[in-house]
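Chain lettering (A, B, C, D and E) follows the sequence in which the chains are written, and residue indices restart at 1 in each chain.
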Amino acid sequence: MDKTALILFVISAIAIVGIGMIFSWIVAPKSKNAVKEEPYECGIPTKGTSFIQFRVGYYLFVIIFLIFDVETVFIFPWAVVMKSMGMTAFIEIVIFFVILGLGLLYAWKKNALKWD
Amino acid sequence: MKAIVKYISSIFSALKTLFKGMAVTGHYISHPKEIITQQYPENRETLKMFDMFRGEVVLTHSESNEHRCTGCSACEVACPNGTIEIINKRIEMPDGKKKKVIDKFVYHLSMCTFCNLCILSCPTDAIKMSQDFEHAVFDRSQLTKVLNKPASKLMEGVR
Amino acid sequence: MAETATNTNTGKPLETQEYFINMGPQHPSTHGVLRLMLTLEGETIHNVEPHLGYIHRSIEKMCEKDTYAQIIHLTDRMDYLSSHMNNEAVSLAVEQGLEVEMPERVKVIRTIISELTRLSSHQLWWGVFGMDLGAITSFLYGFRDREMIIDIFEETCGARLTMNYNVPGGLMFDIHPNFQKRTKAFVEHFRQKLPEYDQLLTGNVIFEMRTKGIGILSKEDAISFGVTGPTGRASGFSNDVRKHNPYSAYPQVEFNEVLREEGDSYARYKVRIQEMWESMSIIEQLIENIPEGDYKVKTKAVIKLPKGEYYQKVETARGEFGVYIISEGGKSPYRLKFRSPGFSNLSALNHMAKGVKIADLVVIMSTLDLVIPDIDR
Amino acid sequence: MEQEQLKERILSVVPEAEFEITGGYMNATVPSAKLHDLAKNLRESEDTLFDYLFCLTGVDWPDHMTVVYHLKSTTHGHNVVLKAKIDSRENPEIDTVSDIWQTAEFHEREVFDLFGIIFRNHPDLRRIFLDDDWVGYPLRKDYVDKVNIIEL
Amino acid sequence: MNIYDFKSLTDSIHTSLSVNLSPSAVTIIEFIIIAFAFMMLFTLLGLILVYAERKIAAFFQLRLGPMRVGKWGIAQTAADAIKLILKEPLVTKNADKFLFNLAPFIIILSTFMALGAMPFAKGLHALDFDIGILYLTAVSSLGVIGILIAGWSSDNKYSLIGAMRSGAQVVSYELSVGLSLLTVVVLAGSLQFSEIIASQEAGWWIFRGHIPALIAFTIFMIAGTAETNRGPFDLPEAESELTAGFHTEYSGLKFAFFFLAEFVNMFIIAGIGATVFLGGWMPFHIGNWEGFNRIMDFIPSLFWFFGKVAFLIFLMMWFKWTFPRLRIDQLLRLEWKYLLPINLVNILFMAFIVLMGWHF
């Protein structure tokens, strides 16, 4: 039931955008000219391309995120059973968090969390 | 240890400053009486410009359709932008003398900067600034106005 | 961090490209039609190159054809936020040439209106500064208080922004009977509202992070770049014309020249906030006893300045505004130069903005308080 | 420093300087070739220290051009106006002072733009207000422009 | 026991349909009803929230806000929507046209799927996974891909910077959202929304979990605001820096989708916050006060849910219209050096409280 419903949501989301775009494509006026197709840069023709090698800093944060997000996924099942398992679960997660915290501290000290 | 205390206290002091800011905006949303904007065309009745307001130049006419402009062109000279053009004509007076009177007092509102120099320069107080501020028109040519009304005459005694 | 990252295939450091971006002329934070050509790497600015002249009207050339009375209305259209002070500069220069002394009444009224203009300019700046930082609400608060001042102007001289209230030899009209009452009411109102400005922005932790240490201008550079006004004073450059070359009624009033040493955006902000307090105190000192007398002295209908050169500077909301008139004895100047504060202040932008981020550039530009017609003239 | 002392000071660097007092400032007119040396001297000497150039402009006279420098010392508080006389109206050239006062960089560009005076050694001498392909120098007295200048 | 149970309503629809239709036809019809209902809800939410934002912003700023279209400008956003549909869709010359058009799909897809898991009232929800919270955090962060694609494919440098900022920002704050929600999961012992709500029968977690729950709620609100790219974290579309950020080149309806998604995302974040911390549709209950709880039950659960959501949305608007925007490095510093460590410690703190049985 839930899985089919999920597919339903995907379909209806695509439908709502698709129908909207087709409808707007039909009713909206279309008049092409070269100036309209220019990218907006405050009214001045652009200099150079926009498809450039961008600063790496942004991506590095994504990599750190990836590491931590995987850890978070490990915490999810623990959080569910924490109440029923009690002390064992708590001790285990303390160990887990200490390791995770050390990782964060390492990244912090390595200035990986600092911009430029 | 000191670093940790500093770390935690910095969080609390930061939160305090944020709440301070929210208190200001919170005050205004809970006091709708403080709203300052008005609905413009609806408030036309109550919207009065100050007496001094410089809206546009007008040539005052009396009830008997007489104005005080002698056509001396002092305002035309005083104007920095060429907003005013005085076009004179000569008419024959009853006593046979020819006299110079204005034919058209042309006022280009589109060029006027409302600097008031023309009004100051007028020796006969013929022109003044009106409080009208609704100048928007759809056609630029409508901004060129002839200020003397048709068939208006120079007021007696003004020279 | 970018330096340590390497390409796993080649072992070479990953390279990022420098690229160019136009900020302006149609950009929300250039406050008019200023175009900045930015050279960026990531978000870090390597170079800022201002391109000016989008609204250059060559006012100086126009002045060479106009009479002295007509010149004044052109100065309204330069720094429109301190139009009264610009008017005053020309009036004072002409009066200096005519060698006439203004009645006390004229001096006092000019000073009060100058300070009101400064307040209104700073209020607008405060609102816009908040908006540039993303706190849009401050914009409306600034405008609310500014509106009261603008109403005073409108009642007094009939115009809200481009006032043209000064004429060579005095004022265009006498003040309105309500002037004193309204001004006092405003000062009372604003004394209560100004602390609110501080609560909303000044103490805010995000605000402080965004402004402290951003766009530092040292005192030496401020002098060398000729950066005046609150911007220069925030760097410790004492340049207040009201103190150093007092004019009008400034010699009679007591006020402090607000100086700070840091030279960063926060200091520039604080200087302006403090100047608002000082302006209010100047107004309060003068408003009670405006001397009786004439509001203008008799001058010829068409003023002819004797041959010679006249330089008059005044302190506008943006800094030192100078008028340099070379007269050959005619009814128009032979050459007239406006030394506008914005032009010099802008010249320091590249120096201040090197190595900061785009977001910081917006802050720096906003604290320079640029008015583009003042720069382009 | 008093005006008389200043006068002697300038004369010691540029003997052919001419003096005039107008508008409350002392004006020193010097040949354009000597200007840069004089400016540097006045900026750097301990007793003058003119560190603040508050106005820089050009003037177009019928037979020559001048560049006017308004100087102030923030430590001593004295003022002086230097006028560099450029004899040629056709090819006006003068040394830049942007190496002495950074503000001159923009101001000289403005003077170049509107008067056509070329500042030698200027780091970036381009038009600042007008388009790069603009013909003529608008603030010159003989500039004619039928389109943009409307005679009233 | 709640007297307003939508289960009876949905069941009655199901049985009445089943009378003269085959089971598969019933399923299809039900699906169509659900899909249609959610499409309506989606657009309606967008329109209402945009109007609310304009009015609230106006009142914060001493303005009246929209006043022209309809009484108190009530139809203003509808008029805007029609206008946007009628606008010409523009694509820049060198844009990657396929990705450019794909981006609105992805961004709407993510919000739509997240909206599906919202428990609006008792028995009124489309999806009720046993891993509800995990699903929501996963799906709601899909939108950032849409933003990245939109910014990159536009061939506009402002868009590119906006997209890059958005990537770093949303991805970072995703962590804090997840961890702050986990703090409550430790208490509730389930990831399923219906169970989390049911576990708050005796009082909302924000009150019962005392300090750690409050800290988690604060972090959730901060991180949630950041995830929806709203002020003071609206860096991807910082108008004073990047003109319009990642959607600079979008016009007409495609722009409207981004706009809509931002507001529906705000609803989703507020909805999650309301469900997890404030008991969702659960009325305000205090422990064993039977009489009091009975009175509270008379207020329909839909009102409770939407009331809480409206409160949280108002809070987010209050943030936006008060604070200046952060800079990108400050934004990341806030996440990695403040929110994340606090969050980790907070979870431990919460676990300890649960272990000791100190919560209410």
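The rule we apply is simple: contacts are C-beta pairs under 8 Å (C-beta built on N, C-alpha and C of every residue); 3 or more make two chains touch, one makes a residue touch a chain.
Values in this document were obtained by computation on a predicted structure and should not be read as measured data.
Student: Shortest hop count from chain A to chain E along touching chains?
Tutor: 1
Student: Taking CA centroids for every chain, report which one is farthest away from chain E.
Tutor: D
Student: Find the two chains joined by the most C-beta pairs in contact, please.
Tutor: So the chains sharing the most C-beta contacts are A-E.
Student: Where the centre means the average of the CA atoms, what chain is farthest from chain A?
Tutor: In terms of C-alpha centroids, the chain at the greatest distance from chain A is D.
Student: In whole angstrom, how far does the Cα centroid of chain B sit from the Cα centroid of chain C?
Tutor: 25
Student: Averaging over Cα atoms per chain, report the distance between chain A and chain D in Å.
Tutor: Distance between chain centres: 58 Å.
Student: Centre to centre, by mean C-alpha position, how many angstrom separate chain B and chain E?
Tutor: Comparing mean C-alpha positions, chain E is 50 Å from chain B.
Student: Chain D to chain E: how many Å between their CA centres?
Tutor: Computed value for the inter-centroid distance: 64 Å.
Student: Which chain E residues reach two or more other chains?
Tutor: Where chain E meets two or more other chains at a single residue, that happens at 60-63, 157-158, 165, 243, 321-323, 328-329.
Student: For chain D, write out the residues touching at least two other chains, lowest number first.
Tutor: Residues 152.
Student: Could you pull out the residues of chain C that touch at least 2 other chains?
Tutor: Counting only residues that touch two or more other chains, chain C contributes 19, 21, 27, 43, 137, 140, 144, 200-201, 204, 206.
Student: Which chain E residues qualify as touching chain C in the complex?
Tutor: Touching chain C: residues 57, 60-63, 157-158, 161, 165, 231-232, 234-235, 238-243, 321-330 of chain E.
Student: Touching residues of chain C toward chain D in the complex: what are they?
Tutor: Listed in rising order, the residues are 52-53, 56, 58, 60-61, 65, 96, 221, 223-226, 228, 237-239, 244, 308-311, 313, 320, 322, 324, 326, 334-335, 337, 339, 343-344, 346-348, 351, 376.
Student: Using the touch definition from the top, list the residues of chain E that touch chain A in their complex.
Tutor: 27, 31, 34-35, 38-39, 42, 85-95, 101, 104-105, 108-109, 111-113, 116, 126-129, 131, 133-134, 152, 154-160, 164-165, 167-168, 171-172, 174-175, 178-179, 182, 185-187, 189-191, 243, 248-249, 252-254, 257, 328-329, 332-333, 336-337, 340-341, 344, 347-348, 351-352, 354-355
Student: Spell out the residues on chain C that touch chain B in their complex, using ranges where they run on.
Tutor: 66, 69-70, 72-74, 76-77, 137, 140, 144, 147, 151, 154-159, 162, 164, 167, 172-173, 176, 196, 199-201, 203-206, 301
Student: Please name which positions on chain C make contact with chain E in the complex.
Tutor: 19, 21, 27-29, 43, 130-137, 139-141, 144, 200-201, 204, 206-207, 209-210, 357-360, 362
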